[in-house]
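Note that chain A is present in both complexes that follow, paired respectively with chain B and with chain C.
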Partner chain A sequence: MANMAVSRIKREFKEVMRSEEIVQCSIKIELVNDSWTELRGEIAGPPDTPYEGGKFVLEIKVPETYPFNPPKVRFITRIWHPNISSVTGAICLDILKDNWAAAMTLRTVLLSLQALLAAAEPDDPQDAVVAYQFKDKHELFVLTARHWTNAYAGGPHTFPDCDSKIQRLKDMGIDEHDARAVLSKENWNLEKATECLFS
Partner chain B sequence: MLLGCTMGNCLKINSPDDISLLRGSESISGQDSGPMPIYQHEPLPQMFYPASSASHSAASATNMSEEDQIKIAKRIGLVQHLPIGTYDGNLKKARECVICMVEFCVDEAVRYLPCMHIYHVHCIDDWLMRSLTCPSCLEPVDAALLTSYETT
Partner chain C sequence: MEQVFSIQHYHHHHHQHNSNSNSNSNGTRIAGSSNTTPTTATNTAGGATAMTPPRTLALNRNYAASDTSGEHDGDTEYPDSRYECAICIDWLNEPVLTSCGHRFCKSCLSDWLENHNQCCPLDNKQLSTEQDIFPDNYTRREIEQIKHKCPNSPHGCAVVASPIELHRHLPSCPYRRQLQQQQLEEKCPFASIKCDFVGRPETNQLEEHIKTDMPHHMQLMLQAFQQTAIATWQPHKPSTSSLENGHKAGQLAPPPQYANGVDEQIVQSMYQRIVVLEQRTREQETRIENLNKQLRRQQPIDARYSNGTIVWRIEQLSALVERLRSNANNQVYSHECYTSPYGYKFCARLNIQPRKPHVLSLHVHLMQSENDFHLDWPFKGRIKLCMVHPGDASLSQHDTIMTKPEILAFHQPREAISTRGFGFLEYANISNIMQLGFCADNRLLIKIEINIV
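So, the complex of A and B:
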C-alpha cells in the first residue's frame, strides 16, 4: 500500500511540474527526502489580497495510506490568516480533513490553499485572535496580514509604523517575532502590547 | 434503473464485456454468481481504518468490537453489489484510475459506481470502506442501496 502512495506522488509530481501554474510561478513543489514521503510546496499570495507578492512555503507529509487519507499540510512561512494558526501554521481546511477525496492531488491541494488565502472563513477559524480581528477590525487585519507578508514572505509593502513599534519592543529585549505577534494581537497598541509582555 | 437489474448477480469478474452486466440473470453461472456469504469473502484489504498501518491491520481486525465487525461486513456486502466490468478501451471512458493514477489496461476489471465513474476494483473498494462517495464527483454511492443494506 505504501507503494501506491509513492507511485501516486511520483505521478503527481510530474503533473505539477507540467502544470500551467508552475509556468506562471503560482505554485511550486519540491522533494525533501528520497522516500517521497515529505515534500515542500510553495504558493504565491493571490492578487488583490493582503498576501499578494508573498511566497508561502508549506510542509507536506504524505501518509502511508495516501491517497485514501489526505496529506498533512502546514504553513512553514508565518502568515496572518483566520484559518491558519499564526503560531504553528496549522491549517483549517475541510478537504484536508473530512472532505478529502482520493481524486484530489497535491496540485488541487495547493490551489485550494491559494483559494483559502483569497477567501478566508472567519466563522470556522483556526486562529481565534486573527478571526476576531478579521471580523471586528478588518482594516487592521488587512494591515497586519500585509505586514506579515512583508516580514516573512517577501511581500512588497512596508509599514514603517509597525516596524518602529516592533523596534521599541526589541529595544526592551523582546525577540522580533514575539514583538510582532503581541503587537498584532493587541491591534498595534504599543501600550497594551507592553503590558501584555511585562505583566 | 440500470443498476436495478444488475443487483445481486454481477460478481463475476471475468465477464466478457461490461454489457453482460446489463443482462441481469442471464449472466449467472456456477458459484461465481449471487451474493457470497460476506464473512467468507476475500481477505479484507488492509486499509479499512484510517489510523491503521499495514502492519497492524491484522491485529486491529481481531480487536474490533462486534459492532464494528458487523458494520464492516455490511459495507463489504454493499460494495460487492456495485457492478464490475472489464475495461474495453473505449476512448469515451476515463483512461486512468484516478485513485492510483495508473492507466487502465484493456480487459482489466473495473468497478462501476452509480455515477458511472470507473476505478480499479481494489482501489475503489479500499476507498469505499472509508467513504461511500465517488472520489471523482463526490456523489453518494447510491443512498437507496445504502439504506436498504445498512438497516437490514
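So, the complex of A and C:
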C-alpha cells in the first residue's frame, strides 16, 4: 500500500511539474524529504481577491494509505480566511475530509485550495472569528486579509494605519504576530486589543 | 528478438497466438495511436512547449516524455488515459468497469470501496459490489497487446512485454541498478555543449536552471556553433583564397561569412548531417554492445563447433562428491558437444553408485539433435576419455572406447538424452584423484574426444 502511495505521488509530482499552472507560476510543489511522504506546496493568491500578489506555502503530508485517504494539508504561511485557522493553518475543505475521492491528485488539491481562497464559505468556518468578520464587517475583513497577505505572503498592499497600531503594541512589549492577531480579531480597535492583551 | 518472444510466451500461454502475430506490428501501431490521442499528462504538458530550447535538442528525459511520442516505446510510465486507473494513476491491472462507465484496477477499486462509502471515486455514484462492477476483459486484452521495451533497454535489457508484465519484470530486471544510479542525477539538456549543471530529478532545480541560465546557454551554443562551423569549414576552403590573402596554413580558416546566405546554409546542413551521423554511430555502438552481450549469453551454440570434444571443468569437486553420494539419483551432466556441425550430439555424466561410494562413474550419452534424421545409426566411432593432471601431463589417465553396433547406447536416442550411456562404472577412485593431485583448487578436468571412424 505504501508502495502505491509513493509511486502515485511520484507520478503526481511530475504531473504538477508539467502542468500549465506551474508555467504561470500559480502553483508550485517541492519535496521535503527523500521518502516522498512530505511535500511543500505553494499557491499564488488568486487575482481580484485580498490574497492577490501573495504566495502561500502549504505543508502536505501523504499518509501511508494514500490515495485511499486524503493528504493532510495545512497552511504554513499565515492567512486571514474564514475556512483556514489563523492560528494553526488548519484547513476546512470538504475534499480534504469526507468528500475526498481517490481520483483527486496533488494538483487538484492545490487548485481547490486556490479556489477556496477565491470563494470562502463563511457558513462552514474553520476560524469563527474570521468568519464573523467576513459576514459582519466585510470591508474590514478585506483590509485585514490584504494586510496579512502583505505581512506574511509578500503581497503588494501596505497599510500604514495597521502598521502603526501594531508598532504601538510592539512598543508595549507585545510580539508582532500576537499584536497583529489581536488587532485583527478586535477589528483594529487599539483600545479593545490592548484591553484584551492586558486583562 | 528471439529471446524477446520466448519471454512473452513464457508469461502468458493463453495468448500465445495474439502475442505471436501482433507483438511487432501491433506494438508500434498502438503506440502510434497514442500520439493522436494525447494522454491527460500530455494535455497538461502544453506548458512545457513554452520552453522551446530543450525541445529542439530533445535530450532530456523529462521533455522527451512531455511530447509522449509513439517512438518512445520504452516510456511505459504514461498510459493513455483510457488505459489508466484513476486511483493508482497507472496502467489498468485486471481492469473492472463500473455501471457508471469508469474503469479501475480491480484491487484499487475494491480497496477504495472497502474503505469508503460505496461511491465511485470519479462521480460519486453509488456502487454495489455485486451489481455495478464487471471485469473489463476487452480493455485487459488491449493492454496485454501493447508491447513496450523494458525501460532498461538502453542498458541492454532485451525484454519486450505489456506494461503490466513490465511492472512485474522491473524489480527483478538485471539492468535495474545502472538505471537507478543514473536517475539520481539529472543532466542539463545542454550538457552536450558543456553545461555541467546536474540536478536531482524529483526537484525542479533543472527547470529553474533552464529558465535562469539562458544567457549562459546561449553563449555555450554560440561557442559550439562556431567550433562546428570552423570544423566543417576548413576542408572546403583548402588553400585558394585564404592563402592568397596571406593567411598561413596553420591558422584557422575564418568563420563562415554569414552575409553570404549559401555559406550559412552549407554550414547548417553540414552541422545537421554531423548530428545525424553521430546519432547513428551511437545507436550502432549500443547495437553492437547488445549483440555482444547476447553472444556471450548464447554460448551453447559453440557446442556445434566443438569437433566432438568436451572439456569438462568440474568445480567444487568435494561438494559435488558429497551430493552424488547422498543420493544415488543425483548425477551431473557436462555441457554438450557435436562431433561436427552436422554430426552427432553427446554429453557426459558423472555419478556415484551407492554400492561403491568411493568410485566415480563416468558415462557418455548420445543426445537427440536436429541432425539425427540424416545420420547413420548406430553411431560408430572412438571415444577417448582423459582425466587431465594439472601438474604433470604424464600422470593423466587415458582411456579409449570403441563403439560396437550391438551396444544400445549408440543407437538413435529416443529421449533428449539417451537413457543408455556407455562408459565406466568404476572410472576413478575418488581418494586417488585427491591424493595424486588431479584436483587442484578443488577442480577436476575431464577431456572427452569423440571421433567417427
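The rule is simple: the second predicted complex is superposed on the first by the 199 of 199 C-alpha atoms of A that agree within 3 Å, B and C clash if a C-alpha of one lies under 4 Å from a C-alpha of the other, contacts with A are read in each partner's own complex, and residues count from 1 in each chain.
Assume a residue touches a chain if its C-beta (ideal position, glycine included) is under 8 Å from a C-beta of that chain, and two chains touch if they have at least 3 such contacts.
Note that the structure is predicted; figures quoted are calculated from it, not measured.
Asks: Putting chain B and chain C onto chain A via the overlay, clash or fit?
Replies: With chain A aligned, chain B runs into chain C, so clash.
Asks: Scan A:101 for contacts with chain B and chain C and give back first, second, both or neither.
Replies: both
Asks: In the superposed arrangement, does A:74 touch chain B (first), chain C (second), both or neither?
Replies: Neither partner.
Asks: Taking the superposition on A as described, I'd like to know which of chain B and chain C A:8 touches: first, second, both or neither.
Replies: both
Asks: Which chain, chain B or chain C, is in touch with more residues of chain A?
Replies: After superposition, C is the partner touching more of chain A.
Asks: Where does A:64 make contact in the superposed view: on chain B (first), on chain C (second), on both, or on neither?
Replies: After superposition on chain A, A:64 lies in contact with chain B alone.
Asks: Just to be sure I read the superposition right, which of the two partners does A:30 touch: chain B = first, chain C = second, or both, or neither?
Replies: Touch partner of A:30: chain C, not chain B.
Asks: After the superposition on A, what does A:22 contact: first (chain B), second (chain C), both or neither?
Replies: After superposing on A, A:22 lies in contact with chain C but is clear of chain B.
Asks: After fitting the two complexes on their shared chain A, where does chain B collide with chain C, if the options are 25-33, 61-69 or 115-123?
Replies: With chain A aligned, chain B clashes with chain C through residues 115-123.
Asks: Show me the chain A residues, by the header's touch rule, that chain B contacts in one structure and chain C contacts in the other.
Replies: Dual-contact residues (chain A): 1, 4, 7-8, 11-12, 65, 67-69, 101-103.
Asks: Residues of chain A touching chain B in their complex?
Replies: 1-2, 4, 7-8, 11-12, 64-65, 67-69, 101-103
Asks: In the complex, go through chain C and note every residue touching chain A.
Replies: Touch list, chain C to chain A: 41, 44-48, 50, 62, 66, 77, 86-90, 108, 111-112, 115-116, 119, 121-122, 124, 202-204, 207.
Asks: Mind pulling up the chain A residues that touch chain C in the complex?
Replies: Counting only chain A, the residues touching chain C are 1, 4, 7-8, 10-15, 17-24, 28, 30-31, 36, 65, 67-69, 101-103, 105, 107.
Asks: Sort out for me which residues of chain B touch chain A in the complex.
Replies: Within the complex, chain B contacts chain A at residues 46-47, 50, 53-54, 98-102, 123, 126-127, 130-131, 133, 135-136, 138.
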